[in-house]
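These notes concern the structure reproduced below.
By written order: A, B, C, D and E. Residues from 1 in each chain.
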Amino acid sequence: MSATASQMDYVLPNELVDGMITAGGKKATVSVKNLLVRGFYSGAILGLAVILALTVGLKSGQPWLGSLLFPFGFASIVLFGMELVTGNFALLPMATWAGKSTWGATFRNWGWVWLGNWIGTAVVALLMAISLTSGGTVDPASAADGGGMWQQVAAKIIALNKTNVVTKYENLQSLGFFLAFLRGLIANWLVCLGVTMALVSKSVPGKILACWLPITAFQTMGMEHIVVNMFLHTAGPMLGSGVSFGQVIVWNFIPVTLGNIIGGMVFIGMLFYSTHRTQMSNVLPTVHDEKLERELAAELGAR
Amino acid sequence: MSATASQMDYVLPNELVDGMITAGGKKATVSVKNLLVRGFYSGAILGLAVILALTVGLKSGQPWLGSLLFPFGFASIVLFGMELVTGNFALLPMATWAGKSTWGATFRNWGWVWLGNWIGTAVVALLMAISLTSGGTVDPASAADGGGMWQQVAAKIIALNKTNVVTKYENLQSLGFFLAFLRGLIANWLVCLGVTMALVSKSVPGKILACWLPITAFQTMGMEHIVVNMFLHTAGPMLGSGVSFGQVIVWNFIPVTLGNIIGGMVFIGMLFYSTHRTQMSNVLPTVHDEKLERELAAELGAR
Amino acid sequence: MSATASQMDYVLPNELVDGMITAGGKKATVSVKNLLVRGFYSGAILGLAVILALTVGLKSGQPWLGSLLFPFGFASIVLFGMELVTGNFALLPMATWAGKSTWGATFRNWGWVWLGNWIGTAVVALLMAISLTSGGTVDPASAADGGGMWQQVAAKIIALNKTNVVTKYENLQSLGFFLAFLRGLIANWLVCLGVTMALVSKSVPGKILACWLPITAFQTMGMEHIVVNMFLHTAGPMLGSGVSFGQVIVWNFIPVTLGNIIGGMVFIGMLFYSTHRTQMSNVLPTVHDEKLERELAAELGAR
Amino acid sequence: MSATASQMDYVLPNELVDGMITAGGKKATVSVKNLLVRGFYSGAILGLAVILALTVGLKSGQPWLGSLLFPFGFASIVLFGMELVTGNFALLPMATWAGKSTWGATFRNWGWVWLGNWIGTAVVALLMAISLTSGGTVDPASAADGGGMWQQVAAKIIALNKTNVVTKYENLQSLGFFLAFLRGLIANWLVCLGVTMALVSKSVPGKILACWLPITAFQTMGMEHIVVNMFLHTAGPMLGSGVSFGQVIVWNFIPVTLGNIIGGMVFIGMLFYSTHRTQMSNVLPTVHDEKLERELAAELGAR
Amino acid sequence: MSATASQMDYVLPNELVDGMITAGGKKATVSVKNLLVRGFYSGAILGLAVILALTVGLKSGQPWLGSLLFPFGFASIVLFGMELVTGNFALLPMATWAGKSTWGATFRNWGWVWLGNWIGTAVVALLMAISLTSGGTVDPASAADGGGMWQQVAAKIIALNKTNVVTKYENLQSLGFFLAFLRGLIANWLVCLGVTMALVSKSVPGKILACWLPITAFQTMGMEHIVVNMFLHTAGPMLGSGVSFGQVIVWNFIPVTLGNIIGGMVFIGMLFYSTHRTQMSNVLPTVHDEKLERELAAELGAR
């Protein structure tokens, strides 16, 4: 079946897990430069996609419509083999459990990619803060020029920054920290579902169709994804929300990152690892497919 | 044709039935651990998908729009070879009739997967009950904070729990029991249609497009699917609906499970078995395609 | 080209016609049991799809949106090789003209499939009549319980039953009979266009995309399709519309069946037969492709 | 590359132009009977698609939504290898410039297909005129029966007939003639773009996705396509618009046909011929691919 | 892997970069005639697509819906291997850095394609200015005839011309120049993302799905794309906006072109070049795939 399998669009569950493991192993060895550059791409493009989602959500009055268009940025990350820290929360541990990485290498990858993602979101946050306020000449709080929609988007970012740091979390103190963790857990369960669904197909239409709605879902449900949050809560203070970066880090970035780690590592990584990395004596392919494994790794940008 | 057939995206009806039988036979031998883990996945992901559907339905005022997005969870179950008890209501009997399973093994599979599905829905129900009420600090019945949409979703779950257990069924007593059975029958006729349509294609875009609308249909038509119900009627009491689990089990879980069994086993399993498992002397492939059969089995997560 | 052709997704017009003829020929020999079982499936699934279409149409106020979701049932019929009498109105005559069937075998097929389709719609009509009225405890004409949408659907079925039998046709007497015939002709021109478009692709995404909108079109335009009508005009009297089956048969089933026959046999069957069953000396494939022909036949459920 | 290329879905620009030329050459030799039958199909199906577009446009109040569904008829013409005169305005000249046809053969093809298209639209116009007015018993101008939507469609056809012949063109005399020509030019630029995009893919999903929106575009933008006009301006007088066929021919059919010729022949045919029929010494395939060329020709219904 | 790889739909990141470089190298040698003709096509088709987007946006009151249909023109440019100056801002530098082009050849390509794009937009601007105003007989500022929607489109073009040249940029002087540059940077980051996503798939459905939403995004977000602007700000003065071409060039065309160059060259070209043009010793394909590279080049119209 080996030759045929590699021409099939659909990847069987056990092949999928093999590919995820190999990919995680390769990612553990990517250079810091590439982690930062690829992380920059992912953060930046998610920032741009958030602006699209907010614009469509505000204009239509239906935020889920914005979230229905939002995943194009995520899809490009998967297709181009870029680095997104939340996806790596699932892949690197799988490789570690399988002996193809170490926890040290895992944390190294997570750290640099987290940083790269933030730099990417921060650069786009800066560009958009300038553009949305026409270089500071327009106040997001007022409304009077050709950039009416831009002002609304800026005001929405400020509101989200305040609500998703202060109102929902800081105000509730330790319960708030736990809630941010919890919603981070759910968000990255869905995001890593999106990553995994993208890998279940070897064709671009299959990858795009499969990965799309889990991404729409986490955003529509109001869950917390660290890279999207990096954008919102870096742009918010830049636009004058009055929220400090200290508040952002304590009440959002830390609990959300922890929640994202558990959501991805446990509910996707561990779950798939435990049930689909089985001995395959009673089902084809009985021959371990080296080539497919490497192909899947390559798709994940590991080289 | 053997080589060519396995490269075609479209699976002929008789090959499809062969694959369903083999898959059912393999599923009959899956370990309890895997039935529970894969069942957990399916229950949990359907719970998350229900939250998406309710959110979009409430925000747009068009519940069918929510149901149009809902099937992404179901699609992931099929693509990842996870275990959904309602699909197994069709597949295991087919294997049993063909001599590749036994009724004992069938009931064993159904029992563990039913349990795994419930555990999955219960865990997500707990997580969402905490998140929707911000850890109990927000009353679903009132409306005053940044989580306004979350409160509406919580209130909707409570209302569905009351209506779909008490109003529609318990209040009508034996007629209610019969109606729950009947709507369960129709729901799983459609869900197993979705399972079967996913198998009619070997590519991911084909599987996704084909399986989608039968799932949208059962939900839009207000029919009763046991795994979706596990989520709603476990989350409802958690959110304070006042409905007891005794009521839930007697007036919903039991009749709906029975209806789901008949809908899947008779109207998909028996129907396809009786008409498409025919002698194929006058049509290709005349050679029984062992490989395809095993591939289809593998897609259904049987190993 | 033979090997290559059978891997192409797209079926050339002359290959398509060859496949339609062979399929018609095979269908002429299918057993009565299989005609009834496969006919039952098709009738039942169209009945369920009508309920979806009515629900979405009523909820959104845009019946064409319901019709945009409706074709999933039709698509499953084509993908699963089931029997739909209206599609056979085009295929069997083509086989007969080509000497691969007889008019006797054609009428035998049409008769049993017509009956199987009706039984399928009647069973779903009964199930839905019970469900929509909660076992007769809710009057479609009033409106007061959790099943408000169900009552509207029931009321809509009653209204369609009255309008599409009495108002539009019986009241106009012979002109009405002619109009029902005419709208049946147009409906099945479009439905058989859907059948043919499903066959123009060998992949599931291609089949689904291609067959979809002709089905949406006939329903949105208000044309008359006998199998959809079997459902509506069997459910209507069951729900208490007061229209008699005698009226239904005379003023709807007979003229619509005749119109469907002409629409399918003449405007698709005869048209394609006359122009694309040509000598192919100046275009490939010059070799008659036996394998493809049989494959197309198999897709149509002929064995 | 020859073998591989013919398995790729995507057709390279120079292969595309070779295929267009060969197709044009074959079309130049199709029999009058086949030109008329295939032309009849295309005219008829566009007429039916116009009714769908008008119905959806009226019901939703968004004509562009109707135009978004409209291209299914056009797609079927391309997939079935039927004859549409506007597409031939681009293909036949390309064959003529390449020495594979003559201007005489080109005009012969255009003449018969133009006639076949008109007959097709006229037959559907007659059927729909009867159906929309319930055999003349309902006046499009009034509004009182179960066919309320049908009356609106009929009234819309009458309005379009008057506006698009008299108001926009006849009333402006020579300027009007020029405007009809101009809008015909733009319409067929887009329609022939649709034809060409359908040929850029060898799979049915690719053909459908690619050809769709240029067709939506010309209709949404209010441009003038002769075959759509044949339907509207034949149905209009039948429904009692009071516009004479003389007016229709002088102020719409003649200038629009001329505009369609220029739009297709110059802005698609000549443009592609001049830039993509290049010597291919520096790019693969260096070998002229005979087989692909004939395949593309066959797809265009030339045999 | 070589043979298999060329049959896969999905292009690995390093293969993608190799293809982009080769394509850029070939484009550096295309003749002036072909640059102008292919540039004309791209400018013209984007002009037509803008009219579609404005019409749908105005009719629905949701400009993003218009932008959701807009990318069909862009998709045709990629599929047909035409020349779009903004895409070349990314590709030619990549070839130059790789030693397959020179900066001189790069500027030569950019100059001629910029001109070709403008000519294309100008011709369509002229045709549409005549059509939208019915040859000057209708004033965009008033509203009274069958062309009501056309007047609104004309008025919208005039408003955009004034706002996007004078209000947003000229009025803010050097800050305005910088803002136009900045929004041009973001726009072409997204457009070149679309180009790159089109190349990540080798099938037409994959190319279309992948390239679509980045194009929707830049337009919905109100960013500045030079070729779209060429159309708007050439049509605006023709329709009587009173904005001079001097203003257009200084306050829009120059800063937007510069921003587009940086957005494409740095944020797509340099980013991909720096991270994915790596030594591939630890991942397949280890053999440099000459054929794929040339295929990708051919897709980009380079010959």
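Throughout what follows, a residue touches a chain if its C-beta (ideal position, glycine included) is under 8 Å from a C-beta of that chain, and two chains touch if they have at least 3 such contacts.
All figures in this text were calculated on a predicted structure; none of them were measured in a lab.
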Shared chain contacts [subunit D and subunit E, defined touch]: none
Homomeric contact subunit A-subunit E: same or different residue positions, threshold half: different
Angle (degrees, nearest 5) of the CA superposition of subunit C onto subunit D: 70
Where subunit B and subunit C are represented by their mean Cα positions, the distance between them in whole Å: 28
Separation of subunit A from subunit D, taking each centre as the mean of its C-alpha atoms, in whole Å: 45
Subunit B residues counted as touching two or more neighbouring chains: 7, 9, 203, 205, 207, 209
Chain-level touch network, classified as line, ring, star, complete or other: ring
Ordered ring members, subunit B first, subunit C second: B, C, D, E, A
Residues of subunit E that touch subunit A when the two form their complex: 1, 4, 7-10, 12-14, 16, 62-64, 68, 163, 167-168, 172, 175, 178-179, 182-183, 185-186, 189-190, 193, 196-197, 200-201, 203, 205-207, 209-210, 212-214, 216-217, 220-222, 267, 271-272, 274-276, 278, 280, 282-284
In the complex, subunit D residues that touch subunit C: 3, 6-7, 9, 26, 29, 33-34, 37-38, 40-41, 44-45, 48-49, 51-52, 55-56, 59-60, 69, 72, 75-76, 79-81, 127-128, 130-131, 134-135, 137, 145-147, 149-150, 202-205, 207-209, 291, 294-295, 297-299, 301-303
